[in-house]
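Starting off with a structure, shown below.
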C-alpha cells in the first residue's frame, strides 16, 4: 500500500514547528529497535535535543487516528536529500508496528519539533546522561551539544537485556565515559542504572543528570539527584493523542515556580521537566492521579 | 506497509471454495484499469467463468471491513508459482484504490470462487458475449470455454471511451469476431452495444447472449434477446458486503421457476441470472425496490 | 490448555464464541469455511412468523471501521425456518440460539412456540428475543426503547418456552438508560441478556447527496461501536453487582474482530461473545477469535475463561 | 468559486468550518498550524466558573476509527479564560464560539454573564452551551439526557446573553429520543443546536483487564461515530421540517475528517460543521476540510453551500 496521505502540511511563519509529508529514506534494525531516517524539511533546522516528532499512522482510511510521538534521535539540517530526522522505534502496538514495517520511499506525515528541549547549562559542568531502553535515543545528540560547550559527559545505558540497549557504540563516540547496566547481566553490570549512579555522580562531580526512559527509572534519577543536591532533567513519556497541545490527554501534576501543583500538558510544557517539580507521588500502578492539592482538584472525597 | 494479515484461511472438504492469503505477483495497467495476477492456491482449480473472488482490504487495522468483489478474469491452475487468479480492477473508491496500488509481493486475503458461473450450452451454438467497460474481464475465458465446445463466439466490447475498453487484443485472440462501440466514438463505432446487437444476433443466428457490465446495459441485452426470442445470461454487480451469502445486502428481485418473485442474494444465486427472470422494473434511479408482489413484501402502502 | 467452557443460564457451552444474529445467515454458508458445531453456539437470523422480503437496496453502507445495514429482517418465516434451517442445524449437531422477532408481543410468542415445539427443539440451546423491532401497536417505536413493551414481549415468550431453554433478551444501545430496560426484561423472566444490537445511523451518498440506504436509516455495527458495547455491558453488569438489576448472564456483541476485543467484553461482564460484522470481513472470525482468546488468556496466565468474566469490575488482573 | 458563507442564526460566517470544543484548546496551539481567523468560527474548550483539574490519566484510549476521552473539562475557570484566552482570540480577530459548562444551571448562567460582559465580547460569534455535563443537583445525571434540566440551563443562560449573540445548545446522542431534548432547548430559547457531543464508551486494557481510562467511562468521538451524528442531525432536521421542533440552524459535529464527511452532515441538515478529533490526526483539518468541501461542491456543480443544507431531505441533487 502506498498511502495517498492527503493530510495537511503546514509551516507558518514564526511558528517554529512544521507539518510535513516526510519520506523514509532508511530503515534499519538496531537491536530490537528500528532506526528510521526521514527527509523532513524544516524539522531538522528547528530541532534541539529532547524535542520530539509526532507521526500520523497511515492515510485518511487508517483506523488509527492518533499521532505517535518519538524522541528525535538526531537531525542533519543539510544533506543530499534536504534536512533529515532520525528516530528509533520500538514495537509496542499496531501504530509502531506499521511504522517499523515501512519500506524506504514510504511517506509519513510528521509534526515537529515538539515540546521543550533539554535545558543546557551555561557553564562547562559535568553531566550524567541516563537512558533506559530506547530512551537513550535523544542522548547522544545532547552529549554532542554538551561537549561542544566543554561539559564532561558520562552516559549510562540501562535495559532489561543486551538486545534492548540502544546506542552502545554511539555512546562511546559521543561521551567521555559509558556505563552499561542490564537487568539480566547480559551486558555491562547486572542491575539498574540507579545502582551505578551515586558513584558516578560523586566521581565526576556532576551537577546535572539528564534522563529519558520509563517513569520508574526517571523517579530513581530524581531521587539520586536529590540525594546529591543536584538537579535531574527528565524527559517523560506520557500517552499522547496529538502531541501539539490541543487534546489535554497527556497531562501530569507538576509544581510551578510558586509551588502550586497543576495538571500540565507534557507535550508542550514537557516532555522535559525538572525532577523536583514532578509530583512523583501521583503516579500509582500505571495511572496518574490528580493530587488533592492540585489547582482545580475536586474537593477531596467528591471524586 | 506490509499488512500483518491475521485473517483466517479455510479450505474445508467438499466446500468448493477456499479462503487464502493470496500474493500479488504481477500488477500492470490496462487502459485505465489495473490487471492483477495473484497466487491463490485452490481458487484456480475450482473456478469457472462468471465466478468471482471477494478480497479483504488491508489487515485487522484497516477501517474498511467489507470485502470487495471482482470477476475472475482468468485462472491458471498450474504454473511456476502454483495456481494463479487474475482480476481487473477499476478505481472506484478507497478499497479499489488500495488494491490497485499494491506492490508485487503484497498479500490479499481472497475468498473464491464465488457465485454461479455462466451456464454453458450443451450444443455448439452461436453466442454473443457483451462486456461493458471492465465487465468484459470474465468473457475471454468464457469465450475459450465456448469455442472448445465448438460454439461460434462473437464478442462485443463497449465503453464510454477508448481508455475504458478492456481486452480488445485479447478479444481478437479469443473470439471469432469482435465488435467495439464507444459512446464518444474514440474507438469502434460510436454508440452503445445495444445498437450493434440486433444485426449481430441475426447475422450469427446466436441462441444465447452473455453479458457483464452496468445494469442499464444488461437490461438492454435482455430486451434485445427477448426481441429475438433467445435468452440472455447476465452477470450483475450489486453492492456486496460479504460475497458469501451471510449478510443479505446484495439481494435483488428475481422470479423463480414458478414465477414467484423473491429477493434473492446475487452473490450466491447470482451473479449470473437469466435475463427473463430479473425484475428489471424494480431498478429505479440507482435503487432497487421490493416489488409489491414479491414474497413477504410489505402490504402495499404499509411501506 | 485454557478451559474456555462457560455456563449460559444453566446450559453448558464448550466455548464462549457465537455468531451474531443476521451475520451468519442460517449456517450453511458459514459451514463452508468453519465447522459451526465447534462454536459455543450458532445464532440464527431473527425470524418472524411469516416470510419477510426485507428492505429495498442499497441495504448497506460501509462506514469507518463499521457498516450500516437495513436488511429489514428478511427471512423465510418460522415454518420454513424450522423445516429447512433448524432441521439442518439439528442434523449436523450444532448448538443453536434461535433469534426470534415480531411486530407484536404475541407474534414473538407464536414464533417461539413454533420453534420449541418443533422436532428439532433438542438443538435449541437458547431463544434470543430480538426486541429491537418496531412495535406495530406503538407507532413503530422499537420495543427495546421502552421498558413496558419489552416486558410484555418477554412475558409472553416466557409462557411458551419450556424450562431448560433459557431466554435471552437482546437490547438496543439507543436508550438513555440501558439498565432500566435490562431490569424490565429480567423481571419479566429473561434468563440472560444479549448486548448490543446495532446503533441507529444514517450515511449520505456524497455524490447524490441523498441517504445512501434506500431505507434512509440503518443499524451501525462493527469495531466502531465496540466501546459502546463494552460500556453497555459494563453498566448493566455494574447494576447487577449493585443489586439494581437481578443478576443473569450477559452475552456480549458489538465490534468483536480479535481475541483482544472478545476479552474486553468478557472482562466488562459478558459470559459469552458474539462475532457479527467481522465475519463479513473474515468468515472464520467466530472460531479464529476463540483461538486468539485462548492464546491471550494463556499469555496472561489465566487457566479458566470463567475467571475473567467481569474481572474489570474487581480491579483487573493482579 | 463556491460561496461557502452561511448564516448562523443571524450571524454571517464566511465559512461553515469550525473547530469542535475541547479539540483545539483555546486557539494558540492550532494557530501555529493554520490561521484560525480563516475559520467560520473558533470554538473554545468548555469553561466552567472556577479552575478544573480534570480527571486522572490515562484520559484517552484509541479505538477503531475513534477514541475515548475523559478529560473532565480541565480548564482555567472563566476569569482566566476571559483575560488570557478570549483576549488573545479577540486580538487576532478570530470569530469565537465560546463553549460554557456548569454543574448547575446557575453556574452556566454565571459563566455566560462573565463572557458577554467582558471587554472582548465583540469577538463572540455565539455561546455554545455544553449541556453534556453532570447535573450536580440530579445525582450527576447529564443535563442533556433529560428535557427539564436542559430547558432550565438554556432558560437561565438566555437571560444573560444579549440579543445578537446566538445561543447554541450542544446535545448528547445518548438519549432515546433526541428530538425531545431538541424541542425542550429550542423552546427555552436556544437559537441553534450543536450535534453531537461524544457517545459514552468504555475500553478495557487487554493486559491488565481493567478499564483503560482511569475514570472508567469516556466519550467516544471520531469517524466511528459519524453515522450517529448524521442520524441525529437527520432526525432533528426532519422533526423541524414536520413542525415538531421549531426550526433553528444546526451545527454538525461528529467524525468529520474529509470534505465528503462534512458534506454528509450538511446534506442531512447542518448549516455549519465542526472538526474535532480529526484535528489530533491533522491540525490543519478544520481548514483542509473546508477546502475539500469547496472542491467537492464545485465538482457537483453547486455554487452556494447554502443550497445543499438539508438537501438529502428533498431527494438529493438532481
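Here the chain labels run A, B, C and D in written order, and each chain numbers its own residues starting at 1.
Keep this in mind: a contact is a pair of C-beta atoms (placed from the backbone, for glycine too) under 8 Å apart; a residue touches a chain by one contact, two chains touch by 3 or more.
Note that the structure is a prediction, hence the values are computed from the model and not measured.
Student: If you check the contacts of chain B and chain C, which chains show up for both?
Tutor: Intersection of chain B and chain C contact lists gives A, D.
Student: More C-beta contacts across B-D or across A-D?
Tutor: A-D
Student: Rounded to the nearest whole Å, what is the centre-to-centre distance of chain C and chain D, using the mean of the C-alpha atoms as each centre?
Tutor: It comes to 34 Å between the two C-alpha centres.
Student: Whole-Å distance, chain B centre to chain D centre, using C-alpha means?
Tutor: About 46 Å separates the centre of chain B from that of chain D.
Student: Taking the mean of the CA coordinates per chain, how far is chain A from chain B in Å?
Tutor: Going by mean C-alpha positions, chain A sits 54 Å from chain B.
Student: Roughly how far is chain A from chain D, centre to centre by C-alpha average, rounded to an integer in Å?
Tutor: Here chain A and chain D have centroids separated by 34 Å.
Student: What residues in chain B touch two or more of the other chains?
Tutor: 63-64
Student: Name the residues of chain D that each touch 2 or more other chains.
Tutor: 64-66, 208, 222-223, 257 - these are the residues of chain D that touch more than one other chain.
Student: Can you tell me, using the touch rule above, whether these chains form a line, ring, star, complete graph or other shape?
Tutor: Its topology is that of a complete graph.
Student: For the complex, give me every residue of chain A touching chain B.
Tutor: Those residues of chain A that touch chain B are 1-4, 58, 61-64, 94, 97-98, 101-103, 106.
Student: Which residues of chain D touch chain B in the complex?
Tutor: Going through chain D, the ones touching chain B are 64-65, 223.
Student: Residues of chain C touching chain D in their complex?
Tutor: Interface residues on the chain C side: 61, 63-66, 68, 145-146, 174-176, 199-211, 216-218, 220, 222-228, 230-231, 234, 255, 257, 260, 263-264, 267-268, 296, 300, 308, 311-312, 315-317.
Student: For a test of understanding, state which residues of chain D touch chain A in their complex under the given definition.
Tutor: For this pair, the touching residues of chain D are 22-25, 29-35, 45, 50-60, 62, 64-67, 69, 71, 74-75, 77, 208, 214, 222-223, 257-258, 277-285, 287-288.
Student: Write out the stretch or stretches of chain B touching chain D in their complex.
Tutor: Residues 63 of chain B touch chain D in their complex.
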